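For clarity, chains are labelled A, B, C and D in written order, and residue numbers in each chain start from 1.
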Amino acid sequence: MNFTSDNAGPAHPSVIEALARANDGHVPGYGADDLSNRVRDRIRDLFEAPDAAVELVATGTAANSLALATLCQPVQTVFCTPDAHIHEDECNAPEFFTGGAKLTLVPGGDVMDPAALRTAIEGEGTRGVHGAQRGPVSITQITERGNLYPLETVRALCDVAKSFGLPVHLDGARFANAAVALNASPAEMTWRAGVDVAVFGGTKNGLLGVEAVIFFDPAKHWEFQLRRKRGGHLFSKFRYLAAQMDANLENGLWRELAATANARAADLAAGLSGVARVSGTPRGNMLFAELPRGVHIRLRAAGAQYYVWDGEEHGNGPVTARLVCGWSTPASDVARFIEIAASA
Amino acid sequence: MNFTSDNAGPAHPSVIEALARANDGHVPGYGADDLSNRVRDRIRDLFEAPDAAVELVATGTAANSLALATLCQPVQTVFCTPDAHIHEDECNAPEFFTGGAKLTLVPGGDVMDPAALRTAIEGEGTRGVHGAQRGPVSITQITERGNLYPLETVRALCDVAKSFGLPVHLDGARFANAAVALNASPAEMTWRAGVDVAVFGGTKNGLLGVEAVIFFDPAKHWEFQLRRKRGGHLFSKFRYLAAQMDANLENGLWRELAATANARAADLAAGLSGVARVSGTPRGNMLFAELPRGVHIRLRAAGAQYYVWDGEEHGNGPVTARLVCGWSTPASDVARFIEIAASA
Amino acid sequence: MNFTSDNAGPAHPSVIEALARANDGHVPGYGADDLSNRVRDRIRDLFEAPDAAVELVATGTAANSLALATLCQPVQTVFCTPDAHIHEDECNAPEFFTGGAKLTLVPGGDVMDPAALRTAIEGEGTRGVHGAQRGPVSITQITERGNLYPLETVRALCDVAKSFGLPVHLDGARFANAAVALNASPAEMTWRAGVDVAVFGGTKNGLLGVEAVIFFDPAKHWEFQLRRKRGGHLFSKFRYLAAQMDANLENGLWRELAATANARAADLAAGLSGVARVSGTPRGNMLFAELPRGVHIRLRAAGAQYYVWDGEEHGNGPVTARLVCGWSTPASDVARFIEIAASA
Amino acid sequence: MNFTSDNAGPAHPSVIEALARANDGHVPGYGADDLSNRVRDRIRDLFEAPDAAVELVATGTAANSLALATLCQPVQTVFCTPDAHIHEDECNAPEFFTGGAKLTLVPGGDVMDPAALRTAIEGEGTRGVHGAQRGPVSITQITERGNLYPLETVRALCDVAKSFGLPVHLDGARFANAAVALNASPAEMTWRAGVDVAVFGGTKNGLLGVEAVIFFDPAKHWEFQLRRKRGGHLFSKFRYLAAQMDANLENGLWRELAATANARAADLAAGLSGVARVSGTPRGNMLFAELPRGVHIRLRAAGAQYYVWDGEEHGNGPVTARLVCGWSTPASDVARFIEIAASA
């Protein structure tokens, strides 16, 4: 019963099989091989963006930081939410890769509010040369708290950004979960809404470690490639990144895996509704449940794994547990978790 | 007949098998799983360094840059050769990760000369606060030109560095090839000779993409981990790096693969001796051969792949070809290459 | 009637005289001259810190950024208020000089609350390698909103910082105004309260452009000097910085100038009390006054200069004016400003 | 008898007078005052560049580093000579301000050779994404070894740079000495020859500390201003930089001071010709003289001050002394130096 993270489970078997298939013969390095070229084409097709610049990296932090650094000058500030992964969980990587840009935390929750964004942007860049200059807007779909941005909110945020001439970055570590939940196409979720660069995450969705970075303005391609190399993120044996992504795209595997993960989370939320306060209705693969102390103790005793987001692991009162499902979360684990919780 | 690079060939099948085996169940992320712990222990055993800090990253540029950044202050300069990978082939990654340190090119060839190093160090750091301060010494074993540092040279270089209080970094992208060629133990090649941090490369020796970074002073461990995360180089699904390295270490596979690669290069050199001027006797897996124009044309016509290091791909006069062998280079390719060359 | 800033007025005549006196003969550069040495000694005496490392730079941004960079690792975050000059008015200089550290804005006003600081520190550094690490605490005395930290608050903040092992930086761009207002000694205001590095500002208090940076731990001296040089902030003709500071220290000129500035501000506040809402009782040289629209219009018509901090320069409703006095603010300007305001 | 550096002597009295004159009344800060505007106009006039972006900073390291950073991407390399101040004497400031660019040392002496530059440029940027990309060319007029670039050499170097699409930076710490020696106009020395950004140094020529940075492409203005602020190099009381430069420009003072300095150096060289080997004929204000040991001892005994560039201060054999004259070097010091040397 491991609900700690979508990085705890295994890769999908077909990904390993794809690695094995790719592991044959001599091919050019650094992404110049046929498989890598094919994968880039497939992503362009998927995003209905024939001119987009598409590249692969191995970690989400690299994807976000390199994408932002390509859009953001060192004197600027990036607008994001207080919960943003780029703020909370990247150990200053965005600051490092941008050469010292700032992050401005737009007040509010994990789903950025267009009006709050407008106010935040208006609050920066008003001091001439003295203050940080306005830079990119960064949003996370689905958010770090498991919530979805409706497409109209994405469009509204992009409209605000554009009205100030600012580019928009979409952290899509859980892009697939969002696409399934929204029943939206990658194009609708990104460039059609006004997004300038999107991260199409694979790692959390069943790969070993691959994220695609997609610039809808191909003029950024060369700079991104240089920054990737300078960051030590250009794989010499690139085919092994490409093979993973290729498997991910094959027959819509990425949607299938995300659909399973989302369904598990929905089942979990439904089952817990009587015994725990679940914040909102999860539409992705992550939920936060307030567990009474007794339920928490019982679950731990049964070996359930999850992060305590609020409250004390050992102590009194309820805890808020973050519960993340993946494609490999067994339905039986979900059932057992619910059963233990309910019996408490 | 692909002799372009040791990143052109496939991974060893047992590495893919190890990935498949590791692909089971839920485990902690970010290197806290049992397999990752075991692999760190195995590397400590291999290096006879029970206290060493050992971490894995996925690329050689990351390994070198993060290791150097942990040793080098931004106001310092790194001493390396003009051929060093960190100077020639990392797109300013060392400068980036160190926060703007300089590289001082020690005059001479690819095998750094201890007397030249002493002179170079004496030439820096003499201007008080005005000039770059003296920083780490970085050497590559085997070098980017395919040459070996005899252990006594490594010791002599470390002695020079130590006499100035400077640490030593060893870029071991081809560590395995060197270990086989020198018939030396990892401990002899590194900390017993005075090396402070070593990169034990796996990527060029049959893995998909894994390098171990070993600090013999464990006090550097935490800083390195923070820098790795900040650089986007901490894998969430760390087990897939560990599994590769585990396979590499199993039954001395790493030595076996390197021995094969070295043997192929030796055969190639021997076979070419009548028709091309091979610079030195290769003891690793890389050689540079001056091919007469006719030989070059014939080889290309037959589909031979290699980099032209000097001379013109299309033009007149001889070319110097870089020829790299890997564990997967077929003996038949070597024989055919020689045959074609000889028949020209 | 210029109340825009303490950088708008002239330097004290004795400072120009000191420059003229220093402008004689050949002396060593880069701060190795007798006058520079003497000034460093005088500052050590003033701060009752015989071992302190003392250096001069020409701007406040340089002083703050270099001081923080010497205390702060790139993976850390600096704790400051949302109003802090280092956050609002230095165009990402702290981020630049630290190599990409973050600033954490401690909620609350311009006078940091010790309890809020504790909560903020507890909220960072809890994510292991993933989040920003805890770094220095930075406070401004007097604040950017013209308020004073009582010494017991400084001590309480330092105690909080120390309880986490964190160093404390004091931005003293208006140190002199604070010293006069608190009637406190420089030692009491800094190291006796637990401050690790203080900026003793001269620019806003009647010099052309000089700030002293004082590290009470002399072990930081060399690193600071290297960072200063690397930042382009080491003056070759250092005597001209030293001469200004020497004049500042002569016969307590610095206190005298600040006392005048503070007195002007107090007079201004008292005089405005009937016609404007002055936020708090100013004890330094800066106040914020809410001016009814009619008063604002009348003052502008009379040529009064000040920044509109809140409200619209041209529009409706009241404006909040920032009013800054300096040593050179004529008492007659204060009187006239009050008179115009009152007559409205 | 102080020949150590052009930063050892005093400022010209008229500069102090200008400071005193400027020290009157309240004016806008940060360079928005009338005097600062006038000075920028005067420099544009002097350089016959009505559209140029002109800004002032206080140190040469700041001027060079900020100018280069505005022209150079972090993945690029700057081409300069091994003697360049930016390489030897700025403690990695160019690397810092550019965000980690590299410096490529063009082989040869202190006067860069156009053919050597071409070869150096051709040698970089040939490795695609792997190596440093080609960046600006930086030359120093007059050089750190006291030599002049003939205008045709500047033009030839700029032509080489332009043929690769690279911009040219001119470090003019001793621009005035060069202008006098070449009898050339600032325009001829810079943009007419193809220079993109020039530093017009005042510090070494009789100011307290001011350098003008002139971008002939005004599109760089805003970025430079932001970088200057971020670097802590924007003076709040800007008028005191402007006043110095204003005095410098008044009635061609800058030329007059440089002419005196150059004449002193010429006299010194002529007088030493019998007793020391002077390298080349100095045309600027700096010479290098090989002094026999006895002469060196005798000069030191008489209190002569200079840097020993080669050889041992205390030891055997000759020493190479660097001898720098300034506008304030007394003719009597020159005569006495020669007399002592000759009498040895």
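By our rule, a residue touches a chain if its C-beta (ideal position, glycine included) is under 8 Å from a C-beta of that chain, and two chains touch if they have at least 3 such contacts.
None of these values were measured; they are calculated from a predicted model.
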Subject >> Per Cα centroids, the chain farthest from chain A >> reply: D
Original post:
A-B or B-C: which has the larger count of contacting C-beta pairs?
Top reply: A-B
Original post:
Distance from the CA centroid of chain B to that of chain D, rounded to the nearest Å?
Top reply: 42
**OP:** For chain A and chain B, let me know how many angstrom lie between their CA-based centres, rounded off.
**Re:** 34
Original post:
Roughly how far is chain B from chain C, going centre to centre by Cα mean, in whole Å?
Top reply: 51
Original post:
Which chain D residues sit where two or more other chains touch them?
Top reply: 30, 74-75, 90-92, 96, 99-100, 129-130, 133, 226, 229-230, 234
Original post:
Any idea which chain C residues touch chain A in the complex?
Top reply: 74-77, 88-92, 95-96, 98-103, 105, 127, 129-133
Subject >> List of chain B residues in touch with chain C within their complex >> reply: 30, 73-75, 99-100, 129-130, 133, 225-230, 234
Subject >> chain C residues touching chain D - in the complex, by the definition given at the top >> reply: 2, 4-5, 7-11, 13, 16, 19-20, 23-30, 57-63, 65-66, 90-93, 96-97, 203-204, 208-209, 226, 229-237, 240, 305, 328
